Amino acid sequence: MLGTGLLKGLKTTLRAFFSRPVTIMYPYERAEIGNRGQGLIKLRVTSIDPIIYKCTGCGICEKNCPQRCIEVIKKEGEKQPEIYTVNYGLCMFCRICIDVCPFNALEMTQDSEHIGYGRQDFIWEKEKLAMKSIYIIEEKAPSAGDAGEAGS
Amino acid sequence: MEIINYGYKKINNRDVIETIRPKAEETGVAVKFSEFKDQLFCGIDAADIKKFCSLLNSDPALSFEYIKFLTAVDYVEYIEMVYCLYSFKNNWSIIIKAKLDGQEPVVDSITSIYRGADWHEREMAEMFGIDIKGHPNLKNLLLAGDEDGFPLRKNFEIKWEEREYVPPEKFE
Amino acid sequence: MYEENEILLDDLPKDYMEVNFGPHHPSTHGVFRFIAKIDGERIIDIDPVIGYLHRGIEKIAENRTYMQFKPLVDRLDYTGALNNELCYCLAVEKLMDIEAPPRAQAIRVICAELNRIAAHLIFFGAMGLETGAFTPLLFGFLDRETILNIFEIMAGGRLTFNYITIGGVREDIPPAVRTYFDKFKKEFPVKLKRYEELITGNEIFIKRLKNVGILKKEDLFNWGASGPVLRGSGVKFDIRKVEPYSGYEKYDFDIPVGTNGDVYDRYLVRMEEIKQSMRIVAQALDNLPSGDFTAKVPRVIKPPEGEVYVRNEGTKGEVGFYIVSKGDKNPYRLKIRTPSFSHINMLNFAASGNYIADAIVILGSFDTVMGSCDR
Amino acid sequence: MVWWSILLWALLKLVIAFLFIFITALILIWMLRKIMGHMQYRRGPRHHGPHGIWQTVFDTIKLLGKEDIIPSGVDRWTFIWAPMIIFVPSLMAFVFLPFAEKIVATNIEISLFFILAIMGLSIIALLMAGWGSNNKYALLGGVRSAAQMMSYEIPMLISAMGVVMMSGSMNLSEIVRAQQHIWYIVPQLVGFFIFGCASLAEINSTPFDIPEAESEIVSGFNVEYSGFRFAAFFLAEFVNLFIVCALAALLFLGGWLPFTNPVYGTIFFLAKTYVLIFAVMWVKSTFPRFRIDQFMNFGWKVLLPLSLANLFVTGVIVLMVDKFRGV
């Protein structure tokens, strides 16, 4: 009969109306990211207080990066790179630097929440690359009213 | 709508060459076949591209109706046009190559035979500076047209330049 | 009956209104603009203008090594990124005579087919949006989320991955993918039936799509169309069947073929392809061969001199890479053949003469992605 | 009554009516976003107040606070006055809308006739907006909405006439009282269907939202508007939705029937209206949109003859019933 398609469509949306919504409230609840997630790249560190990096400043990752967003400067005779900056404005998280690094001094974390107000906020120096990202904001849980509703 | 499952015929280039060579001789097209990793290449000179393509397209036995792609490669001394055709009826595919002069490449358009080649040719014209005669509307397709030189040529050097923003004068 | 000097109605000079469906338009599938000459509601002529998303990928390819260029290939058809990667890697492997081990081939087939389902779900949402229903988009993205979670566990990324490498796959497939996919396999057919109820059977939807933008076989060959657009008009041609690559001949699946080549048939073909891709992934996951997941590949990839053209069945049609290599690290010339380029080339032929609403729906039925059209 | 007290009383009524309209529009916008959200497996607005109640209030404040951009090259007079004019028919319709037994602003003999006539006025505002904003999309949207309103005005009126014939009077309160023993939706089911489709078209709701078709002409006539002018169009659309559903409730579902005392009557009448509004929103979030020519065919070749047939059949039955009762 002519109207069956229309009525079935209405039945579908009505069923959706009475079933649980699937959206999560992003800043308060977070979907978990798989352990292979492509997040920000971190420099591995062997000891903390006199910061010693595993990286020896050889510059292989700088040559192999397709977007040329890594910059490594090292003085001769030094074991550590003097300047090691990654420009996240250009980086496309392709993990080639992690693959080609002979000393596996780089690792990929899962934290992808980084905001900056200008291009210079996206150029990270050595120190910032070594620390755990300080930008994950521990937001307080939604007010009681919402939480009850969110749970239903 | 019906849902079907069908096998595939393995093509061998032998019989493709056999069928094409006599027909090409008839229409007077010098044809030089070669194979590389089970792909059939066919070198012809630039003048009779149009004749050869219309032969391949119109001949019922060959019926190469489908054009996969059309591109050009800049080997500095000469520019090589590459046409890749495919025939649905007998699952044949052939790559036609034609050498053009390096400085002023000129070729005549096959848009009249394969309508699909229209944009490919426009792109080759603006990227390589090939003068394609007989093309319906040969204007810029992908580029803005204000580059100096042709981007995909080997002599096009990429330079980083700071272009300051020139605000347009008042809208008329 | 008429005196000579009487002016017949259609001799009057007609100037049509030029409406600019600009680069920033809700239903042009990305940054694409077409200038339409319209006479009232009917479109007389369409002049597509592309190039807004032109990044010059082919020129960049000449200055990158083969490994460095691989992540850029995802940015072509960003809804079906893994199909592009697979085609690029197969082309380079054909140049270097490397054969991926059977396990890697199976993992690649799983990636490609899951990506096809995700791309078709986007098409389903966009087609609903084009005809005016807002809900299918949300339904489509809801189910695409489970596939993206599978990709996140397996490949790391959600839209662009850099997961398929030359010679195999970057990392082995984790066992969690099996459990995720089983849950997906149980729930998804129920939801797919719900889509049929919501939109496919809807009379208004059928009225909007049936007998609209009918394309015959000969014209499609001539214009170089491929993929679901070709199969919608009754052409039995699927590259996975005609030139099987990466082990597709091992799986048994069917090819949906439309009958009268209108927008509704192209829609049904794509919805049926989702079911077929589910079958392929299920078979691939069931008998996943063991063994290592990458072949032995030299650290610096220098393919021998020669040129090769490899084509795959991408999500939108035939994706092909024509690589000319002169033996050094960078490819000498790399031409990317994408389906959207030919489909938009055909837009004026297919859509002029219809109403504005039909032209938008016909453009939607080509399912073009501007990344792969502009390169 | 001294003249100034009459003026004061009328002013008070006007303020009450305007407040009621404003609050209903806000509730309807919030309701639409919530219902459409839940129908798509997502929640509607959540952040401002429990279940996002204050969301639309903040939206309105934002819209009113926005800069009032009048694009250059615009036909100033029509552009500026279009949003004002579109509000007039919506407000004037409330003058004659009865909420309960005695609760009606002014009870005149032909209140249904007046409301239906006033509803037709909003065509002028849409055309002014379409032409005034000097934008091809807006012009297309304006002309489409004019064509749509005109072609769906007639089936709407004729289907309403079926009810008038059965109840014998044009006064809405009389019509409601005449539905004592049976609601008119039962005998006039076809009339209800036609009235529903035609009113959906009047308020540009989804199967018929051709004038503001996002996918083709980017929300038609209100393309160039921003700030409080866009808010005017937006609110007018939802006020029209309320009026049309209230009218359908009065004509076919027997407005406040079982409860004659004013308080329960109003509540029951509003409940029926909101049920119909839920149905409209339910349709809005499910159906795709007609094409312009199918839409015209449906209007002229299906709805019009159907409503004429309905009118004829109702007339014959009413006459036979009257002869049978020997009136």
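Labels for the chains are A, B, C and D, by order of writing; each one numbers its residues from 1.
As a convention for this text, a residue touches a chain if its C-beta (ideal position, glycine included) is under 8 Å from a C-beta of that chain, and two chains touch if they have at least 3 such contacts.
Since this is a predicted model, take the numbers as computed values, not measurements.
Chemist: With contacts counted as defined, which of the two, A-D or C-D, has more C-beta pairs across the interface?
Modeler: When the contacts at A-D and C-D are counted, C-D has more.
Chemist: Suppose each chain is reduced to the average of its Cα coordinates; what separation in Å results between chain B and chain D?
Modeler: That gives a centre separation of 60 Å.
Chemist: Taking each chain's centre as the mean of its CA atoms, how far is chain A from chain D in angstrom?
Modeler: Distance between chain centres: 50 Å.
Chemist: From the mean C-alpha coordinate of chain C to that of chain D, what's the distance rounded to whole Å?
Modeler: Using C-alpha averages as centres, the distance is 43 Å.
Chemist: For chain B and chain C, let me know how many angstrom lie between their CA-based centres, rounded off.
Modeler: Comparing mean C-alpha positions, chain C is 23 Å from chain B.
Chemist: Give the residues of chain C touching no fewer than two other chains, as numbers and ranges.
Modeler: In chain C, 135, 139, 142, 198-199, 202, 204-205 touch at least two other chains.
Chemist: Can you list the chain A residues in contact with two or more other chains?
Modeler: In chain A, residues 6, 9, 12-13, 16, 22 touch at least two other chains, as defined above.
Chemist: Which residue numbers or ranges of chain B touch two or more of the other chains?
Modeler: Where chain B is concerned, no single residue meets two or more other chains.
Chemist: Please categorise the chain-chain contact pattern as a line, ring, star, complete graph or other.
Modeler: Its topology fits none of the listed shapes; call it other.
Chemist: Can you list every touching chain pair?
Modeler: A-C, A-D, B-C, C-D
Chemist: Going by the contact rule at the top, pick out the chain D residues touching chain C in the complex.
Modeler: By the definition above, chain D touches chain C via 36, 39-42, 136-137, 140, 206-207, 209, 213-218, 285-294.
Chemist: Which positions of chain A touch chain C when the two form their complex?
Modeler: Result: residues 2-6, 8-9, 11-13, 15-16, 22, 33-38, 64-66, 92-96 of chain A touch chain C.
Chemist: Give every residue of chain C touching chain B within the complex, in rising order.
Modeler: Within the complex, chain C contacts chain B at residues 50-51, 54, 56, 58-59, 63, 94-95, 218-219, 221-225, 235-237, 241-244, 249, 252-259, 265, 268-269, 272, 276, 306-309, 311, 318, 320, 322, 324, 332-333, 335, 337, 341-342, 345-346, 349, 374-375.
Chemist: So in the complex, the part of chain C that touches chain D is made up of which residues?
Modeler: Those residues of chain C that touch chain D are 17, 19-20, 25-27, 41, 128-135, 138-139, 142, 198-199, 202, 204-205, 207-208, 355-358, 360.
Chemist: Any idea which chain B residues touch chain C in the complex?
Modeler: 1-8, 36-37, 39, 65-69, 71, 73-74, 82, 84, 88, 91, 95, 114-120, 140-144, 151-152, 156, 158
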